[in-house]
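Labels run A, B, C and D following the written order; every chain starts at residue 1.
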Amino acid sequence: MRIKIRAFASFREILGREMLVEIESGSRVSDLINHLCKIKPDLRRALFSDTGELRDYFIIMLNRRRLDLPKDLEAAISDNDEVAIFPPVAGG
Amino acid sequence: MRIKIRAFASFREILGREMLVEIESGSRVSDLINHLCKIKPDLRRALFSDTGELRDYFIIMLNRRRLDLPKDLEAAISDNDEVAIFPPVAGG
Amino acid sequence: MISDSEIDLEELLNRSMKPDAGAVVAFVGVVRADPGVRALEVEAYEEAALEELRRIKDEAIGRFGVSSVDVAHRKGRLSLGEVIVVVVCASAHRKEAFQACEYVIEELKRRVPIWKKELTEEGERWVRGDAC
Amino acid sequence: MISDSEIDLEELLNRSMKPDAGAVVAFVGVVRADPGVRALEVEAYEEAALEELRRIKDEAIGRFGVSSVDVAHRKGRLSLGEVIVVVVCASAHRKEAFQACEYVIEELKRRVPIWKKELTEEGERWVRGDAC
């Protein structure tokens, strides 16, 4: 299935503004993250500490709804979903 | 001595915008009020209840400083003082 | 400032917008179309009002540390929907700008010698002041 | 509204000034001249930001009973002193207009996916968001 990845701010500088990735049907958010970390090793350094723990300085939205991490790492994703990755917001 | 009287809002409609009154040297605020009530009987009805008590729906300023009534009725006034009479403010 | 002529809102705002003040909060009071009201007549004890506004402005700067406070109030005849008062507070931080702006308009309404008369279909009536 | 071009503050304010709303409160955020900063680059996840702004606006109307809430946010390159965000709340009464305006800017900063990068003399740096 095909997932649209969008990235903003510091994560845009790692992943680019937008890309389409092909991933196995039935994948979960965690599978997608692992896939992206393989393509972009800098993403692994941004998302995980040296000891492999998930950092908390990023947000993931699935179809514009914010995921509750780490719980929602197990959320299922579907063909044509839009997944956005970005740091905490700082507008205004 | 000569006192400048200024009146605003409903009190302007009774007293006029501005006038000069001559009053005996050594007079107090209360003397001035009595004098004005003689010239303008409508002022007496605005300041005093039917039983002769001072109402609280007006403010007096002496040289642009608000008087604390009824205490300051005994304040002395001097030649060329400016006394202003008006209802509670309602700007903004 | 107390003025007979229309308040230039944009000019007032632009005056406050300086690169050292990241937050500007403005209050704009508009003549509201209350039932039966056709227009408003605003009267001021101008010298005393300007003195009191200056004191309120200094208090707001002292209490909240804002960098500027500007106030403009109309006098004379106003139509429905016209701007009657503008308060603009600029500050490095937004919380203080909000607090100062609310303080200034509250104190203005409580202390500054200005009065409003409503011109209605049945005649004229002075708006009753809250505080005495 | 999220826009590349300069925010027309007067147009935004005039839109809110209707005779049924006696009180208009506006927050204007300005690019502050922090030490070393030369300009700001603003980036937005625009579709998500507009959805979130719509939710915040509805919350403010529901909670405070204000009659209108308008928000404009810049994106792209901004110079020092330029307007980055404007929130305008109109209400029959001033207390609610102040509360709604402060609510909207606080929630915007906490929830709306927009980011700022400071362009400084030494290079570029993303402004760190407070909430996660």
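Throughout what follows, a residue touches a chain if its C-beta (ideal position, glycine included) is under 8 Å from a C-beta of that chain, and two chains touch if they have at least 3 such contacts.
Everything numeric in this text was worked out from a predicted model, so none of it was measured.
Colleague: List the groups of chains still linked by touching once chain D is ignored.
Modeller: Once chain D drops out of the picture, we get A | B, C.
Colleague: With centres defined as the mean of C-alpha atoms, identify the chain lying farthest from chain C.
Modeller: A
Colleague: Go ahead and note the Å separation of the Cα centroids belonging to chain C and chain D.
Modeller: Roughly 23 Å separates the two chain centres.
Colleague: Once you find the CA centre of chain A and the CA centre of chain C, what distance in Å lies between them?
Modeller: Measuring from centre to centre gives 50 Å for this pair.
Colleague: Counting only Cα atoms for the centres, state how far chain A is from chain B in Å.
Modeller: 75
Colleague: Between chain B and chain C, what is the separation of their C-alpha centroids in Å?
Modeller: So the centroids are 27 Å from each other.
Colleague: In chain C, which residues are in touch with two or more of the other chains?
Modeller: In chain C, 29, 105 touch at least two other chains.
Colleague: Could you list which residues of chain A touch at least two other chains?
Modeller: In chain A, no residue touches two or more other chains.
Colleague: Which pairs of chains touch each other?
Modeller: All touching pairs, sorted by chain label, are A-D, B-C, C-D.
Colleague: Quick one: which bits of chain A touch chain D in the complex? Just the residue numbers, please.
Modeller: 6, 8-10, 12, 56-57, 59, 61, 64, 84, 86-92
Colleague: Mind listing the chain D positions that touch chain A in their complex?
Modeller: Residue list for chain D touching chain A: 29, 42-45, 47-49, 51, 73, 84-85, 105, 108-117, 126-132.
Colleague: Over in the complex, which chain D residues touch chain C? Could you list them?
Modeller: Residues 9-10, 13, 17-33, 80-81, 83, 92, 94, 97-98, 101-102, 105 of chain D touch chain C in their complex.
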